[in-house]
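The chains carry the letters A, B, C, D and E, assigned in the order they are written, with residues numbered from 1 in each.
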Amino acid sequence: MKTEDMIKEITRISGGNPAKCMKCGKCSGACPAYDEMDYHPHQFVNMVLDGRIEELAGSKGIWNCLSCFACLERCPRSVEPARIIEAVRVVTLRKAGANHLKPDDIPARLDDDIPQQAITSAMRKYAK
Amino acid sequence: MQVDKNWTPTIVAFCCNWCSYAGADLSGNNRLSYPANVKIIRIPCSCRLNPMFILRAFQRGADGVILCGCHPGDCHYTTGNYYARRRMTLLFSMLDYLGIEKERTRVEWVSAAEGAKFAATMNEFVEAVTALGENKRLEDFRCKQ
Amino acid sequence: MQAVIKKKAIELLESGTVNRVLGWKAGEFFYDLTPAVFTTPEQIEKDFVYSVFSGANMSKYLIDESKKEGKVAAFIKPCDGYSFVQLQKEHRIVRENIYAVGLACDGMCDMREIREAGIKGVTSVEEDGETLKIGTIYGEKTMAKKDALLERCVHCKSKKVVDCDEMIGENGEENRDCGRFDEVEKLEAMSPDERFAFWRSQLSRCIRCNACREVCPACSCVKCVFDNPNSGIAQKAAASDFEENNFHIIRAFHVAGRCTDCGECSRVCPEHIPLHLLNRKFIKDMNELYGFYQAGADFESKPPVMNYTTGDAEPSIVYARGGDK
Amino acid sequence: MKFSYYPGCTLSAKAKDLDEYGRKAAEALGITLEELPEWQCCGAVYPNATDEIATRLSSVRALSKAKEAGQTLVTLCSACHHVIKRVNGDMQNNIEIRQNVNAYLHTMEGAEPYEGDAKVIHYLEMLRDCVGFDTLKSKVVNPLKGKKIGAYYGCLLLRPGKEMQMDDPENPTILEDFIRAIGAEPVYYGMRNECCGGYITVEDKDQAKKRVNAITGNARNSGVDMLITACPLCHYNLKKNADEPLPVYYFTELLAEALGVK
Amino acid sequence: MQRIGVFVCWCGSNIAATVDVEAVADALSKEPGVVFATNYQYMCSKSGQDMIREKIKELGLTGVVICSCSPRMHEATFRKTCESAGLNPYMVEIANIREQVSWVHKDKAVGTEKAIILGRAAIAKVQLNTPLIAGQTPVTKRALVIGGGIAGIQTALDIADAGFPVDIVEKNPTIGGKMAQLDKTFPTLDCAACILTPKMVDAGQNENIRILSYSEIEDVKGYIGNFDVKIRRKARYVDEEKCTGCGTCMEKCPMKKVPNEFNMGLDNRTAIYIPFAQAVPKVATIDANYCLKLNTGKCGICSKVCLADAVDYEQKDEILEEKYGAIVVATGFNPISLEKFDEFAYSQSPDVVSSLEFERLMNAAGPTGGTLLRPSDKTHPHTIVFVQCVGSRCDASAEKGKEYCSKICCMYTAKHAMLTREKYPDTEVYVFYIDVRTPGKGFDEFYRRAVEQYNVHYIKGMVGKVVPEGGKLKVQASDLLDNRQIHIDADMVVLAAAIEPDKSARPLATKLTASMDTNDFFTEAHPKLRPVESPTAGIFLSGTCQGPKDIPETVAQAGAAASKVISLLVKDNLVGNPCVAKPDELMCNGCSSCEKVCPYGAITYEDKPFRGPNRTTLIRRVAVVNPAVCQGCGACTVACPSGAMDLLGFSNRQIMAEVDAICK
């Protein structure tokens, strides 16, 4: 896919608009998972704008996003990074063999009390 | 259809007094030429343009009508061109709906500084209307000489 | 329904709430109902008719009626209601002088449809639920009511009476998904040549009887521009193709944003020109470009042609949208 | 008062307490919760991608059933609530999603079109808006006096504020008002609406741990004795992954206790 | 039929080189109504003008067509020429054969033909011209200023200086506005009170200025030069004439727990109060919401202790009716409510304050006497975090905040940071910014001083969350240049709240029929060329009611508005543009279509009797255009469905005559 088509695709899936970003950094100020990420929320937005989507898709940071919507809630420009990053994850996962988490990996990570929600959501968020 | 090689269209350009008429003056000052078939009528504001005037022009043999006004947001009367914009959009859409060539009508925002744009717009518009040929669909046979 | 309405009319007269009633009575033919003013219970008993042919929009008559002495009762169907409110917004009607009775309506019929269904020599039409019992000189026939509806009722945009003092029957709801723009879309999908041919074939039949203008609640000017020698476009009868077009374009433009799409223009046209398709084109464009707007749906909003936003579409949008297919 | 009720899968398994006490308390308050027939898992994660249809279907099915029953739909689990309420919003406001979902459900299941006209509320909203905290207070038989309770909202219950329309997403009061109504003392602490990392607990336990420790620390330093929550994920995470956990309860458990039906 | 003279100008060779002027004059002489046509080298020269005058007199011309340069160049010249020869100036039309013909068409034959056609159009128009006389209306030589902040005060002083009486209507008990609450002003750091209070005193003592404090605008009627205004003087329960402002009542008032709005609610005042020591007028006011006497009937202490016998519990609101020639709007601004921005914990911790609150905490006359103390525990803060752009520059679809930049926050935050560091060098100060915007004289230097001399930590990034814990405010923020998230344990957080127009502005705009933008700022008649005038004639704008502004800009605009007012008030009569809309009442439906599109509020309606059929009289609602207010845009003429509305000088028939002449 051409870069501009990729930008369009991400924007379409996310329903957000990275071009509205004024680069204030509030998303990164709000993000509770910041330190775990290699790229950070404000960079996600900028990288999508820049067309550096493959680089972003290959990063670790997008999987550390907690989908807690703090960035989305607090973004003054309605860019809503949480939506954009979800779109990048979705596009990645939709590729063949691109599961971030494999079903076989799951049992080892569980304990007795873990609610099934956690398992479902892990599969939903990190695998096809 | 027989095309008269010497035929040139008659174009009526309605220009608002504050921006576009001044823009036309500027293209004169800068000696930027455009076809002589364009004749300008000065109106105070683009919102003065009544659809009746456009239809009248076509009836009397005009082949194209263009309205020039201040850029939206720059109207001397603050809001005039916003009304003109809606009215013309609706009128043009209606003319198109009736099967009248939509390329015969046009709105262009020309500021007092845009002499070059005025000339370029007129050149383009005359070319477009020339390509369409004579206005047959809205003419009034009684007005033909 | 007729009995209930008559009873209400008589009650309003007798209680002194009003001194006259605006209603319908039979014209030359039983299906040719015309608006009429009744002043006594006896007249109402004798002549008042409310039937499936009571399509006439009464609101326009209120311009004059509401300015006379005393209160007048009016029966307002949903589509009349929009015109009723629009005329109030335009300060044409004195609301205090009117007692408005809203009527729930499930559609009015068109004699043309009945004839076109091959039923001839009709002497009476009775509504019986979903069917029409039609008396003819050849004996009684029946027909589904939905097949005999007026065009505007087939695509009924609303069953809601916006403003009235009381309702007969249940007040209904707006229906934005009524398909009334389907015909407009069909035309838009044609090529310009086809559209031109279509409209020539329609408008060239216009005999300038002015019925559309006379019946239209939005065309209620004290003096029409086409009758005013000082307007520069006065014209009694169309003398050329241009004048036929000009009259209908200007008329549609003058009512744009104020036209409630009551469909009376097409109903009364003796040449059966689908004039509503011109008005609906404007309505459709305005809805699409400036947001949904229904004239007469409220007392505050400004018609789209008398309003703007700084981010409105440019007129060039027409080049992109116009049907070239 | 009668409502349609959507428990969700976790409440039928690992978070039975949340469900069981919720039902008992409702009964004590004179509320009938009718469990939706044949409900399915909501999917646990709201599909942020606007072109995902399949993952919205189960929510739409639940909503359609509530609409058929002519009742407001009550949910209890924060995550289910988040998913179902937002999908309902999509069905109201996003024409594309609405058309695609309805087209699918019509073709595959012959379902009637659904346009977002059912109402879905959280159990807490039911307490606040339908019962009223004052009424609730008057029905408390066993006020939980002297308990210093921190409300833990987490992220899914409130955000995005525009769509959830439940409370001020940055300064909520609904759980604090609830705590007051059952006779205990609410303790404010700043991180009550910060994420506990629940979604990531399977993927990266350490990260979840870090989040939970920050929250528990802030709560403890603000004088909180125990936490309450409406979310099984948060409940699990706060309990299991904190280095020095605070007691954590489902709010329904305390509600049932206060109403004397525990 | 008119008797028309046609004068074709050569403009030296400018026209004559590419247009056969003789042929033009010859062709036009054959047009109907033309009794004379000639050509001349320079029509605008003295001899050219003399010739026109002579011909008007000699031939009794009733209309004149000049084929020359653009009307934008010499229309006024030729109108004057004709007027001096006794012809109504509006009987002149110009055919623009220079800019539109000779300068753009090289071919002489083509140019000549077009020049003839343009001449014909002008002739066709003149045929339908009617003499127009500009109307005159007398001017009431008195101005009204609404709002008594620095904008209103400065405007009033300047107008009064020119000798015209001015009334200032202020809704609060004293004038002074926001500036009275400020501590120091950027970029010079002089004390706000030191420069403002002398102006307040000047205003109070100026014999041309009357201050109507504790008053609001009730109703406005009329138009430029002739406004009728009703002013509500709210009951302050104290006789302004008698009160000496001694303050004894305030000392004795038992109701001492009223939030003090002057100090942003950071401390309390009494129910009877004078907002601050330098108030003008220095008169006490009873706050009816809190006064024990007014609410319970018991108390009455202030009345007993008042030696001047000024307290009057029976006082009622009064309506004052006044006439004005001009109105200046100076309603000012307020910081937005920060309740919706609780990620910064504004309503969860008293130590998170707005900048205006911080201003009071720094002010020697403020609640802490000028010592910077945290509101929660009255201790010195050692770490302060400033957050910029709170609620400014937000997206339209975000549900909170404003789309615009509030303009003043960058500078006052630099000021706060600098003042803090100067007074308390042991305090660490962090400023989180998106952009530092300092366009203004000495502004960027000021900001650089904060960074370079005062070591304020400017961090490019934004605070995402503030968590109060253990007496500290845990600030979590991004540092975009360092690409890291930082955590600061702060003692105070100061939020630079966006500013918004005062809430009284919107209803006032309705009363004035002045237009506003979507943010409730008043719109100016032209964004560049008429920045202190409202599109509604006679209404002028001063200060932040028009958009965010700092003090120097406000004062400059106040002066500009005053000079516009003065140049209006010095006139005895207003001469209007006679090319205004004119309704034909016989055709008017009274439907209000025209009124809806009029940007000036020039159209009103009247119920008028008309002759009906059978000798009856019908009352009809018809439009009336006020020619003093109408600017002649013509929007109404197209909105009018019946064609009743027409525009003088550009009438439907005139324009159609031009169309016909061109298309022939």
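Just so we're on the same page, a residue touches a chain if its C-beta (ideal position, glycine included) is under 8 Å from a C-beta of that chain, and two chains touch if they have at least 3 such contacts.
As the structure is a prediction and not an experimental result, all values here were calculated from the model.
Q: What are the chains that chain B and chain E both touch?
A: The shared contacts of chain B and chain E, listed by label, come to C.
Q: Pick out whichever of the two, D-E or B-C, is joined by more C-beta pairs in contact.
A: Pair with more contacting C-beta pairs, B-C versus D-E: B-C.
Q: Determine the chain that sits nearest the middle of the structure, using the mean of its CA atoms as its centre.
A: E
Q: Of the other chains, whose C-alpha centre is the longest way from the centre of chain D?
A: Comparing chain centres, B lies farthest from chain D.
Q: Could you put a whole-Å number on the gap between the CA centroids of chain A and chain B?
A: Between these chains, centre-to-centre, one finds 52 Å.
Q: So, what's the distance in Å between the C-alpha centres of chain E and chain A?
A: Those two chain centres are 47 Å apart.
Q: Take the average of all CA coordinates in chain C, do the same for chain E, and state the distance between these two points in whole angstrom.
A: Distance between chain centres, rounded to whole Å: 46 Å.
Q: Of all the residues in chain A, which ones touch at least 2 other chains?
A: Each of 70, 73 in chain A touches at least two other chains.
Q: Please list all residues of chain B that touch 2 or more other chains.
A: Within chain B, residues 51-52, 56, 73, 79, 83, 87 contact more than one other chain.
Q: Could you list which residues of chain C touch at least two other chains?
A: 225, 232-233, 305-307
Q: What is the complete set of touching chain pairs?
A: Between chains, contact exists in these pairs: A-D, A-E, B-C, B-E, C-E, D-E.
Q: Okay, in this complex, where on chain E does chain C touch?
A: These residues of chain E touch chain C: 584, 586-593, 596-597, 605, 618-621, 639, 641-644, 652-653, 656.
Q: Quick one: which bits of chain E touch chain B in the complex? Just the residue numbers, please.
A: Per the touch definition, chain E meets chain B at residues 70-73, 96, 98-101, 103-107, 110-111, 113-114, 117-118, 121, 515, 523, 525-527, 535, 579, 597, 599, 631-635, 637-639, 647, 650, 652, 655-656, 658-660, 662-664.
Q: Using the touch definition from the top, list the residues of chain E that touch chain D in their complex.
A: Residues 339-343, 345, 347-348, 399, 465-470, 474 of chain E touch chain D in their complex.
Q: So in the complex, the part of chain B that touches chain E is made up of which residues?
A: Interface residues on the chain B side: 10, 12, 21-22, 24-25, 27-29, 31-34, 36, 39-45, 47-53, 56-57, 60-62, 73-74, 76-80, 83, 87, 119, 143, 145.
Q: Name, in rising order, each residue of chain C that touches chain B in their complex.
A: 184, 187-188, 192-200, 225, 232-233, 239-243, 245-246, 249-250, 252-253, 256, 278, 281-282, 285-286, 289-290, 304-310, 312-319, 321-323
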